[in-house]
Structure formats: structure tokens, C-alpha cells
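The next part holds the structures, each set out as C-alpha cells.
Look for subunit A in each of the two complexes below; its partner is subunit B in the first and subunit C in the second.
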Partner chain A sequence: MKHSKMQLSAETMNLGFVKKVELLSGSSVRRCFQCGKCSAGCPMRSFMEHPPNRVVRLLQLGQYERVLAGRSIWYCASCETCSTRCPNKVDLAAIMDALRKLSWDAQGPSKESYVQLANRLFIENIRTYGRQYEMRLAAVFNVKSGQFLKDLMLGPKLITRGKLRMFHQKNRNIGEIEKIFSRIEEMRKNGEAP
Partner chain B sequence: MSRIGVFVCHCGENISRTVDVERVAQAAARLPGVAYATDYKYMCSDPGQSLLKKAIAEHNLDGVVVAACSPRMHEKTFRKAAEATGLNPFVCEMANIREHCSWVHEDREEATAKAIDIVKLMAARVRRNRRLAAITVPVTKRALVIGGGIAGIQAALDIADAGHEVVLVEREPSIGGHMAQLSETFPTLDCSQCIMTPKMVDVANHPKITLHTYSEIEEVGGYIGNFQVTVRKKARSVDMAKCTGCGVCMAKCPQKKIPNAFDKDMGTRPAIYVPFPQAVPNTPVIDRENCTYFKSGKCGVCAKVCGPCAVDYTQQDELVTEQIGAIVVATGFDLYSIEPKPADSPIQGYGEFGYGTIPDVIDGMTFERLASASGPTGGKILRPSDGKEPKEVVFIQCVGSRAREKGISYCSKICCMYTAKHTMLYKHKVHDGQAYVFFMDARTPGKNYDEFWRRAIEEEEAVYIRGMVSRLYQKGDKVVVMGSDISVGIQVEIEADLVVLATAVQARKGADTLAQKLGISYDKYNFYSEAHAKLKPVECATAGIYLAGACQGPKDIPDTVSQASAAAAKVMTLFAKDQLEREPIVARVNERFCAACFACKKVCPYGAVEEKEIRDRQGNLIRVVASVNPGVCGGCGTCQATCPSKSVELDGYTDEQVMAMIEAL
Partner chain C sequence: MKNILNYSYYPGCSLHASAQEYEASTRGLFKALKIGLHEVPDWFCCGATPAHNVDELLSLALCAKNLSLAENVAGDLAVACAACFSRLKTTQHRLIDNDAKRQQVEKAIDGPVPLGKKVKHLLEILARDYGLERLQSAVQKPLAGLKVACYYGCLLTRPPEVPELDDCEAPTIMEEVLKATGAEPVSWSHRMECCGANFTLSRPGVVLKLSGDILASAKAAGADCIMVACPLCHGNLDIRQGGIEQASGTRFDLPVFYITQLLALACGVSTERLGLESMIVSPMPLLREKSLL
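Up next is the complex of A and B:
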């Protein structure tokens, strides 16, 4: 997939997907003229198989499967260096966000990626406790991802420095937070929110 | 000259950094014939020039040497200053101690010694300078414009509007050139015909413009202000005075299947034809190669149907000689052809693109005709092979251009923009079509150009792919395009319905022949050379001949029109005076010693040497000698070096002067 030949035609170029990305991100994809400044400054570039400029280029050619198949979009740290420095006002960080969202919706190949898992658990935690409960997040992540011993030795250090609490503290206004979540769900159902 | 003044310039620090200018001035003061020597920080500045004028007056100087920069830089400045004091300007010379000395040396001692030597040489030469008088040449205030494209039209109109006579010569039956073939023009997408035809009509109606269409330049003689140009008016076989342009002959001509070159051979035309409906003049021409009457002597339909009896099969080529003062060359360009190379051209042909055998691979100009409302398809984009509307169109830039392998290393300049325009025209006509462009670089340096290109991508949804196409081949009714997107590093394959090649702009076929007739220089691609790339972009090295448009190099319409107006302005400057003044550095023949071998005539690059007959009072021919026409002489000195009897000398560089310079060392 990564290096296989591209057959370009009106059918194989999914420009509808590009329109979706542009709508979600509020940024033009076509506008990018491939100067490469985003990739030049990206701190995560060395971990990505498609550097940021190539992600946009593949989108321009309607090759969304190639983008979603890779892990580049999940390595993006959302530091927004690219968006800040882009000479042509392409909000690449927003495009990356949109791609992650679409990857999720598309039940994309990265559905099982640890990043997605971590994101989901993070949100679930917020909904349950009204704030982050790191101990539970780490434990559930390790169990669900099957990496039981991952980062285990960091635990004692974090605990002794007071960075990790053994027990959770529930937010007093948890009802309000639940309202936010249910309102967004309602809006999504009505198609008012992405 | 025995009272020479030497003025040594510091040029800020440019000279004084490596040359001890004070010592140069001191050494100069001791030279024979030098009455005064000094140095100054900036001789070319106002105080510097005043210093020079004051010294000439105070010391009663009769010759000046300014030791400073190149004479190309400031010779005029100092000669003017010297002239202001009443001195003959041609006894003021420059010793170049900057470009020839301080800039190229590091050792101060040696550089100073060399500077002194250079001043010595110049002083020796100035001592033997003659007081020359500027040469005046009469000017015929009549301009010739060669080529009736947009460049020629613009230049002709500008000169004619200034009140001067213009002769416009066009090779084709109608003026208009390439611009008349275009459908719409970048970056505003206005219709080419709509902005072009009013100008064509203006040319036809202008009382000051004499139009020779279907004509070629036969011979050019003379020099600036006084050219004699012979124009061959090819036999049109139609009397222009009688023809009303009704078009009955064209409608009745039985021979209708001749490919129309104006439509890039897509449409057809009769044997008696005008190249396009808006032609100026609207007088048909008989294409004698394809006319049945000329081939077999039978037919003659056009003569029978012609009401005013304008058809004349007996017409012959006519030679017209015009007296001309200045020439504007605006002969335009040709497009590179991917078809197999003719034996005489080492650069044509593209095997990997099928050598022109794939019917749905066309060039940009053919696409223009397809998109043009007056074109063979009435403005519908239909592909040549089966007349279907193409849904996937691939455009390939840089075909022939920037291809050292094809012998063309230059950029054709207009292709990036016209390809962007083509993608837009295509999108406007085929809404559900997709345009792809393979490009190496997008070069869009012009007002509103980059915005135009970006619009093609961002709004008109053309897919631009950076990378050159490796091969085209036919597969069923599709053309497979094998390319690569180098920004993602993946091979790309497109099955296209139509492929449009942005072929290179080349010099006109035969541009070299015309240049030889005119005596102007051209580069290795046969584009005409300007006198200076930056500061004399419209002048030729040959005086009185100016360039406009793509004959000088690839150029778009705005640049062409600007250059044409610039060339017209140069012509008007020339015509503003009744007499032309020029530098008197010309060769003179000593008729007493001339042996009439005419070796000088053979080597003269300007054609300035003529044969002069010397007769006695009774008119008997005594002898023939060489004679230099001072109006044409370029002052190169080749004749002087060639003459076996040493009877030609270049003023200012006579043998006596040169020998004295050598002896001074």
C-alpha cells in the first residue's frame, strides 16, 4: 500500500472525503503548495511514515486510505507548530484533528490503535468522575491493550512525588458534566455537531 | 596635443585601496606632453567634473586623460564635461585603472606600477588624437515592422499614431499571428479575438500604415536612418483592389478538404481561402499547391463566380522596394513538435510520447483551437480520435522546454500559465471532467499570475502532480500516462481520454535566414539577440533595428506588448531628429595607397565598405578604391588589421597612435 502505484481517476480519487476534511477542519486542503515547512518543524516527524506535508498531499490526491492506514495522524502531538508557521494559512493541526475524527467514524484501520483506546478511556474517565483519574486510566489501558506491565516502574515514582493518586476524587458538579456530554450526543444525533 | 591634463580618480576606495593614486598623479605629471596632473576622490561627481573643467580653463589644456573606471561607464560623462569648456570631446580619453587594474590585483606596488603604465599609454595616445567631429546621417522617417502578430501590430500602431509612416510586412495572408489563434488569455480570461480584432482593424484603416500581407523580406540594404528594403509580395491570385470580401469564391470552391493550418489541421478549408473569418485584410488567397486550376488547368470556378472579377490566375510575385529609417523585427515563434525529427533538426521528436502517432495526444495550440468559439468544434472540447468529450484530461508541462537532451535548456515561460488556463477552460466547458497536470515547477512571475495558477488548483479543482511523465501509450481508447508524484514518492498512472502537451516555444523556422539578411545576431536557439540583456533589451547590436516579442525569446502577451511599445518608442526617438549624430570612431581609407584588393570589404562585419570609382574630369574611370560609409561603420578596426597596404585607419586608433602607445612602455 505504502509504495504501490496510484491509479488516479475520478473514481479512485475520493474528493468527497477531502471536502469532509475541509468542512470539519475549517481549513483548505487544496491551498497547500507543498513547501514542506510543516514537516521541517514537526517534532514528531521522525516517528511518522508520512510526514505532515505528505499527509496533505495524499489528501489532495484523494488517497484517504493511505492516510488513515498510517499512524502519522496519531503521532501528531497537536502542538500546532505547523499551523503557526504555515506560509499559506493551512491549519494543518485542525486537519489532523479532523482526520483523527474521521478515522474514528470510518471504523478506520486505526480503530484498534492504542491512541484511540487511550483517547476513549480518557473521555470515559471524565464522564464518570468529572476529572481525570490517572490510576484507573493507566490500569484499564494496560489491561485492555494487553500490555500489563507497561510503564509499571513509573508508578512508584509518580506516587511518591504526589503526581498519581491512589483513589479518585469525584467532581462535585458531576451532574453538570453529564449534561455537557448528553447535550453533545443530542447535537450529534441531530447532525449539529461533528 | 602638448598640454594634457591627467585626472586620477580614487573611486571612493575602489581604486585607492590597491593603487597609490597620488603616486600615479605624480608620475603622470612628468610624462611628455602632460601639463597638469592631480587626483580626486570621485571624478565623476559634480565637484569632480567642476575640477576637471576648472583645470582645463586654468592650465589651458588641450587634451584630457581621466584615469578611472571603464570608458563604458563614464567616457560620455567626461567628454561632455570637456566639451562644456570648449574642448573637442574626442581628445578626452579614459585610462581604465579600475576594472583593468585595482579590481583584479592585490599587490599595491605592482598595481600602482601598472596604473602608471596604463596612464602612460593613454597619454601617448591622446598626444596623437585628432579633433574629430561627430558624424551626421540623414534619417528617413519611415519604419518597417516585420511580422503582423500582436507585437508587430502594437509597434506599428504606436509608431503610426506618432505621425510616422509605417510599412508592416506579414508572411501569412492575414495579420493576427498566434494571438488570433488563442481562445482566451491569462490571467483575466478575456477572449483573445475580442481584444485582438479591433487592433487588426485599426492597422488596416490607419492612414499612415502600408500593409503588405502574404509578403516576405527579400533583401535589406543600407544602414540606420537609410535602409532599402525589398519586399516580395507573393502572388495572391486575387486582386486586392477589386475584391469585396463577399466570400462566394470560398463557398463555391470544389476543393474543400484541405487541412486548415490555422486550426492546427483539425478543420478544413477550400483552396481559395482566408485563414479565419476575422482576417485582415479580408481578401482570399489561392493556395496554388492545392488548387485544381493550378494543378490541372481545369476548374476556374472561383473566377466564374466572382462578381467584381477579382480572381487573377496570372498574377506574379511582385518586388517592392521601400526606403526605411528604422526596422522593428517582430517575427514571433513556432511551437516544438513531438513528431519524428526531420533530418535537418537534431532536437525534434519525443519517442516516449509516441512521436505524434497517438491521435489523442495534442499540443497546447490545438487545445486552444478546440476551446475557441471560432474553432473547428465551435468551442466544444472534443477529442480528435472519435469526437467524444474527454472526461479525464492530462496536461504535461515542459515538453521540449528545459530538456537538455532535446537541445533546449531554456524555460518557455508561458506554458505554466497557459496550462493553468487550459485546466480552467476545460472545467468551464466539461463540468464533470477532471484535469490533471504533470509539472516540474510552476513558474508564475507576473502580475496576478500566481493567484491565477492557485485559482486553477483551489477553485477549479485541477489536480497538479509534481513530476515529469515518463511515457504515454495507447490502451483501448485511452491514453495511459505513466508518471510519478515526487512529493509523495509514489508512481502514478492515469488512463486519460485526452493528453495535452505544453510544447516548447522555439524560434521561427528561418529566423536565422532573416537575421542574416538584416545583419543582426542570434543565439544558439535562433532567438534574436538584444544589445544588452538588461539595459538595451529592445535594441539590436546593429543600429536602427529593434526587437519586439517572442522572436527575441519566449514571451507572454503583456511582455510582448510592452516590448513592442518600447521598440516603437525607440523608433520615435530616432525619428525625433532630422539628422542622426553618431560617434566619429570610424575607419577612413587612404585612397592614394588603396590597392583595391577589397580584403576589407570581405571582413567588414557591418557591410560598411563600398567600392568607389575615381573618375577624371571627362568622366573616364581612373581607378576603383575602397570607401567606408561612416554611417554604417561600427568602428571595430577589423579592416585596419586586414589591409595589406595599411591604407585603412580607424580614427582614434591609428597605427601611429597604437605604435606610440607601445613605445611609451
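Up next is the complex of A and C:
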């Protein structure tokens, strides 16, 4: 895919998708003039098949499928270096957030979107407990991702140093949190929120 | 004893779990400096990086709700974790000039968003509100001879319009605070590089590379230890350090302190209240060697 030939025409430009990303991210995609500063400072570029500036260029050229199917968006660490340095105020970190949401909504989890599994569990924790319950987060992630043994060696050490709590922190606002989650779901159902 | 300054306080999830030494030393230090911290009752998780990675509206709503809980406690909102700090300030920044988004968030939390509540990181409170001079005169046991690599990471300074803490490419606030204790900040290359925070569970290989480079750079600059202001950075640099050493075959042996641990040590807070025993890379040999215990 990376090196396959690109056929460009008025039809392939797909401004609709660009506008969707711009709306979700609150950042212009079209303003980018390919100076490459974002990629020069990106700590994750060596893990990505398309460095950040090329992600934007592909979007501009209507080649969003290449971006959504690839690994770049899942390897962005949200470090904000690109957004800080862009001379055109392209908020690439926010564009990456928007692309992850669009990819996840369209395709669900994939091998590349591994990190998203951890993200989802993190959010599930908030809905259930109100606060992070790190022991559970690590345990469930390891089970769901099939990496049972990965952190086993670290576990006991962390527990004896009191770093992983065996019990979750109680929160009296738990009902309020559930309401926020369900209101957002409701708003989405009614088309009132993205 | 009357406090000199008073704040409402949002500790964040990590400070009640894996970063308990940050919480303990913050409490100890602020008490010694007579700065009041009044915890927001029943605060909940800000959503950190995972929430905005998945769902911006949810991320904004969680932070907005926490801000509205904080409205019930007087004073600017003190935040210890760099990620919570960044998310709370991002929320205010995104909503202040975006009516459509603000209305969505208000609907989600069923109430107004307090956009005027001032959110401050502990560093800012120590360096600016309390002030470096006062801090210097509170020091009882100067950390002379301790060489420290001050590590900012990502979210204390980026993107510049959000944290408003210091220059986004060449900050000095951590070094200034450190110098007040008599310790010596080293000059090094990786002060602001990403540690790979959010990948700590899902892609340890990323953390291995990014945090490994940071540790190597601190070591090469002659640092005895690293100082951080974020529990996520701490997790990668301290908890994962052994694994990184194993994988890279390099011995770093760099204790990773929270800002408040070093300050509290210098200000004469009892070492039992610094949570030194919770650190995975033990700082005891170093502190003994420098006669700081």
C-alpha cells in the first residue's frame, strides 16, 4: 500500500472527509504546506509508516483510506510537539485524535489499534469506578490482549511497594458519572453531538 | 498556624495509587511552607490521554464536571499531575471560544462549565505564587552536590497556548525551583522529549526506546538522578527502568524523584513523609553518599 501508485482526480479528492476531520479536530487540514517541521520533531516517526506531514498530505489528496488502515495514527503518542511547532497552526495532535475516532467508529479494533483497547478499558474503569483502578486495568488488559505474563514480574514488586491498590477507590459521585456517559450516548443518538 | 496561601486541590487518580509518594511529599512540603491544599470532595478521573484519544466530547465533559465540583472549594485549583493539569486547561481553552462545543458539554454535565476557575500546576504555585525567594529561605538542608536532570516531558509546556506555564521550547521553571534547594541542574538534551506515556500498557517496546533514550541522555550528562512533575513520566522512568536496563544491557541506576520529594527533603520535612521507600529505583545509596539522609 505504502508505495502503490496513487491515482488522483477530482473524484478522489474527497473534500467531504477532510471537512469531517476539520470539524472533529477543530483544526484546518488544508492549511498545511508540507514544511515537514511536525515530522522533524515527532518522537514516534520511526514507528510510523507515514510520518505526520505525510498523513496530512494524504488527507489533502483524498487518500484517507491509506491513513485509516495504517499504523501511524495508533503510534501517535499525543506529545503535542507537532501542534506546537507548525507554522500554519495545523493542530496535528487533534487531527490524530479525530482520525483515531473515525477509524475506530468505522472499523472497530484492529491489530494496529492495540493501544485503543487499553484506552477503552481505561474509560470503562471511569464509568464503573469513577477513578482509575490500576490493578484491574493492567490485569484485564493483559487477559484481553493475550499477554498474560508480560507484567507478572513487575506485579508483586509494585504491590509490596503499595503502588497497585488491590481495591478500587470509592466515589460518591458515581451516579453523576453514569449520567454523563448516558447523556452523551443520548445526544449522539439524536444527532446532537459528533 | 495560619496558611500563607490556600488552594483547592485536585490530586488525580495516580496520586492515590501508583504515585503515592508524590501525594505524601506534596502534603508534607505544602504543610511545611504553610500553603493550604483543600481537596475537592469526590473528584473523579479526568480521562487523561485515553479519553481524548477515543472521545473528545467525553474527555471535555469529564474535565468540565471536575471543574464544577472544584467550584465548591475556594481558591485557585492546584493540580499535581501534568496530564490532569493539561486536560483541565485544555477543556477551558477549547470551550472558551467555541459556543457549539460548550453547549454540548453543558448538556452532557447538565450545568455550566466554570471557565474562569484558575488551574495551576504545583510548579507554578511554588515558583510564582509562593516565589523562589521565599522558597530559598525555607530551605534548611541544602541539596549541595546533587546533580539533577530536570525532566519536563510533554504536557507541562505543550501546546503553548494551553499550559501557559513557561516557554514551550526552552522552559526554565523546573531548574529555577531546583536551584532554590541548592542542587545543581545538569544541561541535557532530552528534557522535553516524550517518554511514551500512554503506551506503557499496550506497547512496552515504544516505552523502552523513548524512555531508554531519556535515561541514557541524563546519564551521559552526568546526572545523579532525575526530577519529574508527572506520575506517568515517573512510571515509565522509574517503574520501567529495570526492564529498560535489562533489554538494553545498560545500567542507569538513576533514582527518579518528584519535584516535591526533593523540595520537601531540602525544607527539612521528615524523610518518613517523602515516600522514598515506594520508589522502585532506590534513592537511599545516593542520598547517603551525598549525606542527605
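The rule is simple: the second predicted complex is superposed on the first by the 189 of 194 C-alpha atoms of A that agree within 3 Å, B and C clash if a C-alpha of one lies under 4 Å from a C-alpha of the other, contacts with A are read in each partner's own complex, and residues count from 1 in each chain.
Simple rule for what comes next: contacts are C-beta pairs under 8 Å (C-beta built on N, C-alpha and C of every residue); 3 or more make two chains touch, one makes a residue touch a chain.
None of the values given here were measured: they were computed from a predicted structure.
Visitor: Quick check on the superposition: with subunit A as the shared anchor, is it clash or fit for subunit B versus subunit C?
Guide: fit
Visitor: Pick one for A:Leu8: touches subunit B only (first), subunit C only (second), both, or neither.
Guide: First partner only.
Visitor: Which holds for A:Phe181: it touches subunit B only (first), subunit C only (second), both, or neither?
Guide: In the superposed model, A:Phe181 contacts subunit C only, not subunit B.
Visitor: Applying the document's definition of touch, where does A:Arg30 land relative to subunit B and subunit C: first, second, both, or neither?
Guide: first
Visitor: Kindly classify A:Pro43 by the partners it touches after superposition: subunit B alone (first), subunit C alone (second), both, or neither?
Guide: It touches subunit C, and subunit B stays clear.
Visitor: Who does A:Gln60 touch here: subunit B (first), subunit C (second), both, or neither?
Guide: first
Visitor: Of subunit B and subunit C, which one touches more residues of subunit A?
Guide: C
Visitor: Between subunit B (first) and subunit C (second), which, if any, makes contact with A:Lys19: first, second, both or neither?
Guide: In the superposed model, A:Lys19 contacts neither subunit B nor subunit C.
Visitor: Calculate the angle at subunit A, using C-alpha centres, between the directions toward subunit B and subunit C; round to the nearest 10 degrees.
Guide: Rounded to the nearest ten degrees, it is 100.
Visitor: Could you state the shortest Cα distance, in Å, between subunit B and subunit C after the structures are superposed?
Guide: 22
Visitor: Taking the stated contact definition, name every residue in subunit A that is touched by subunit B in one complex and by subunit C in the other, in rising order.
Guide: In subunit A, nothing is touched by subunit B and also by subunit C.
Visitor: Report the residues of subunit A in contact with subunit C in the complex, numbered from low to high.
Guide: 24, 26, 43-44, 46-47, 75, 77-81, 83-84, 91, 93, 97-98, 100-101, 104, 114-120, 122-123, 125-126, 130-132, 134, 137-138, 141, 145, 150, 154, 157-158, 161-165, 169, 171-173, 176-177, 179-181, 183-184, 187, 192-194
Visitor: Okay, in this complex, where on subunit A does subunit B touch?
Guide: 3-10, 13, 15, 28, 30-31, 33-34, 50, 53-54, 57-58, 60-61
Visitor: Give the list of subunit C residues in touch with subunit A in this complex.
Guide: 13-14, 16-18, 20, 41-42, 44-45, 47-58, 61-62, 65, 69, 94, 98, 101, 104, 107-110, 154-155, 158-160, 168-169, 193-194, 196-199, 201-204, 206, 209-210, 239, 243, 277-280
Visitor: So in the complex, the part of subunit B that touches subunit A is made up of which residues?
Guide: 391-392, 432, 434, 436, 454, 457-458, 461, 463, 465-466, 485, 487-495
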